[in-house]
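Consider the two complexes below, in which chain A is the common component and chain B and chain C are the respective partners.
Coming up: the complex of A and B.
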């Protein structure tokens, strides 16, 4: 039985793989079917994952095992239920309270976190002596790092129209950003190609046994 | 009450988090921990709300027999099956309502939830994202034919990084003498990643952080209140 289920699962995977790849020709019923099944499975997967990793250990298990000790957890549980009331048009306004608490908390957390990790630490990491190294390539790199960071930040300064001499650092900033986008693009291409190779390997190795 | 009380809650929670950062002692340290635990639980309900909304919207399309309703039905059935097997027999680590389902596990080779993950979700997800390889190639072609200096800069960097990270790139420039080793493609790729790329990423991070700090302040002070929706 187990062997049959493995073979059935393999053919199911092959069917889904070909259904998705069929979109390369044109949109068709097989692709639409596979797409919707993917949406359904994905939503349910995350719901089950959320239940077992967040809701169960942080709320339900604590309340079941020691209700009196964790009675304060009824407050987030009530707020969560208030959030679910958004489903009904008449009670939509009730969900404003949990949303406000979530938004306020995440605003406070983000403000502190981004000030420390992104703003201050990145500024201090850029404040380096570019000539500290004896290697010319590192010195050149450090100079590029400082100029690139300053010009990049200057490019994002939209409060004043950038024209004439003030447009020069902005232009330099764009060049640095383009280099960075190019590098990200290169990495994305490589990641997608490796996924494609993985699927082809599955078809040729696991399914057809053509390659070892 | 419908608008001002939520605004006060947002202000209070935001200020509490900021104050606790500067006074990391009781009672603030305890309060912030409690608030973060609550945040996680409410986020769980928020995700559940999203899933219910998806379920409702698919159900409505099926009931109204919209075009392609059969596909939405297939999506809904796959959602229900995955959800039920997850609830009944649990995931790899945790048991469900019926425990770990030893019998069904022996028959299928793995738990039903893991079986669906391995043979349906994982191949669908990997193939869906691998499709992007083809569309990225077409996007690259379109970027090439723009022929501006900036687009060329983007594509040349992308090519250097791709070649520099593969064995082909190393092979292409392996004949270069030791004095020109900087131009060896893997070295050039490393240099681009370490310096110009880091510079731009830092600029983006600093600028985004300034934006986030500004918008967080607007939310905490109640200037930005669009998350409350309309007055209805």
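Coming up: the complex of A and C.
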């Protein structure tokens, strides 16, 4: 029985792989079927997963085993219930409170986090002596790094009309950004090819046994 | 207040006359979160070995190297826990010789190495408050053109002309992602436009919190323009939490409903090109925006307009022209000028050998 199920599962995977690939030609019933099953199945899966991996261990189990020690958990539980009150039209307004708390705390936490990770890290990483190395290529790289960072930041300066001399660093900034996007594009496409290789490997190895 | 925890020297075991004179002591790293100890020594030996007792009391080597500089910082410790260290000079004299000491790292109320962090946050925050206040008093701030946002009117107009819907994707981030919040502020303006033109707006969501917020935002927008009856709650819907399931669902919507304008604004990852390419094939006018640097190239090549990073966050002020939001944006711009000045100063001080300036900012990372 288990052997039948594994073979059935394999053929099912192959069917859905081809159904998804068929979208490359055009939208068709096979793609529609695969899409609807994928969306429906994943929605159900995540509902069960979130209940068993978050709600149960982090809320229900803790409250049942040690209610007094975990009484603070009633706050997120109450916020969750307030969200559920959206179901009834008359109580929909209650859900605005948890949404406001979520947005406010997210903005506050992220402000502190990004100031450290994005702003200060970037500033200190750019504070370099460009002529510290004897290698001309490293010196050139350091100079480009400093100019690129400054011009890149200046491109996002919105309070001044960018014309005349003040447009120069901005234009340089967008050039630096576009060149970095080009490099990033090539790098990521290479990584995505590995996903395709993974699917082809499944078809040729696990299904057709053409390759070892 | 300088709190120093420490202890010096528990004992010498074998001290031989030929042995190099050795002094070993430990200091708590001052003004920190209590996770580091400074181990200091004074010895004539060439090399030193430092060991730390593990939970079973077994000595584990943590440093073996040159005796100069005569200090080593042991990091990632647990605050208020006592640690034992054993110091050995190498080469040793005739017999083995070591010094042991123990110490307890203490947490202070102020982390001095994060002072630059505090100062920058304070300066930028004060600037933002100042500019908001001046904007409230009536000062008109200029904001330069952002073509990606100017396209919004064009996209809505085109959808209205064709009698087709507008698709808005708020990204795959949850509501705790600042990009999703920025995306929802743009959705508010877009919903107002679509309500004014009686154009259908489709908003598929990945997370329940985003769904609730998006519905609130769109409903408010329809109310604002006096068309609450035109609001259709079922067009703002949940698809699935799964990343690629969500993308497959949106692809299906794009090829079947054929929206005339697609907006991909928010946090995107590997699905960015799948979405943008499908939208491109349907012939829709596409506007995208994200702060995910790795995904921007895909949007740039496959969308008509792209909001790059900070432009996404400036969108709300740009679209609303609300004096308060413009003041806030002006404060952000002040922060950018400050960053440029600090970088230039940092480069100059590094060139003339004043490394303290860079260390002051680097301290935050440690």
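Worth a mention:
Just so it is clear, the second predicted complex is superposed on the first by the 212 of 212 C-alpha atoms of A that agree within 3 Å, B and C clash if a C-alpha of one lies under 4 Å from a C-alpha of the other, contacts with A are read in each partner's own complex, and residues count from 1 in each chain.
Going forward, a residue touches a chain if its C-beta (ideal position, glycine included) is under 8 Å from a C-beta of that chain, and two chains touch if they have at least 3 such contacts.
Worth saying up front: this structure is predicted, and the values here are computed from it rather than measured.
In the superposed model, A:96 lies in contact with both chain B and chain C. Shared-chain residue A:159: touches chain C; no touch with chain B.
Which of chain B and chain C touches more residues of chain A is settled by the count: it is B.
Of the two partner chains placed by superposition, chain B and chain C are both touched by A:126. When the two structures are aligned on the shared chain, A:23 is found in touch with chain B and with chain C. In the overlay built on the shared chain, the residue A:107 is in contact with chain B and with chain C.
Judged by the touch definition given at the top, the superposed model places A:210 against neither chain B nor chain C. Within chain A, the residues touched by chain B in the first complex and by chain C in the second are 20, 23, 32, 34-36, 38-43, 45-47, 50, 83, 86, 96, 99, 102-103, 105-107, 109-112, 114-115, 119, 122-123, 126, 146, 149-150, 153, 156, 177-178, 180-182, 185, 188, 192.
Residues of chain A that touch chain C in their complex: 20, 23, 27, 31-32, 34-36, 38-43, 45-47, 50, 83, 86, 95-96, 99, 102-103, 105-107, 109-112, 114-116, 119-124, 126-132, 146, 149-150, 153-154, 156-162, 177-178, 180-182, 184-185, 188, 192. In the complex of the two chains, the chain C residues touching chain A come out as 116-117, 120-121, 141-144, 146, 175-178, 181, 208-209, 212-213, 216, 238-242, 244-246, 248-249, 251-252, 255-256, 270, 273, 293-294, 296-298, 300-301, 308-311, 314, 318, 329-330, 333, 336-337, 339-340, 342-344, 346-347, 349-351, 357-358, 361-362, 364-365.
Residue ranges on chain A touching chain B, taken from their complex, read 1-2, 5-6, 9-10, 12-13, 16-17, 20-21, 23-24, 29, 32-52, 54-56, 58-59, 72-73, 75-77, 79-81, 83-84, 86-87, 92-93, 96-112, 114-115, 118-119, 122-123, 125-126, 137, 140-142, 144-153, 155-156, 173-183, 185-190, 192-193, 195-196, 198-199, 202.
Chain B contributes residues 2-3, 5-7, 9-18, 21, 34-49, 51-54, 56, 68, 71-72, 74-83, 86-87, 90-91, 93-94, 106-109, 113, 115-134, 136-137, 140, 150-151, 153-162, 165-166, 182, 191-210, 212-213, 215-217, 219-220, 227-229, 232 to its touches with chain A in the complex.
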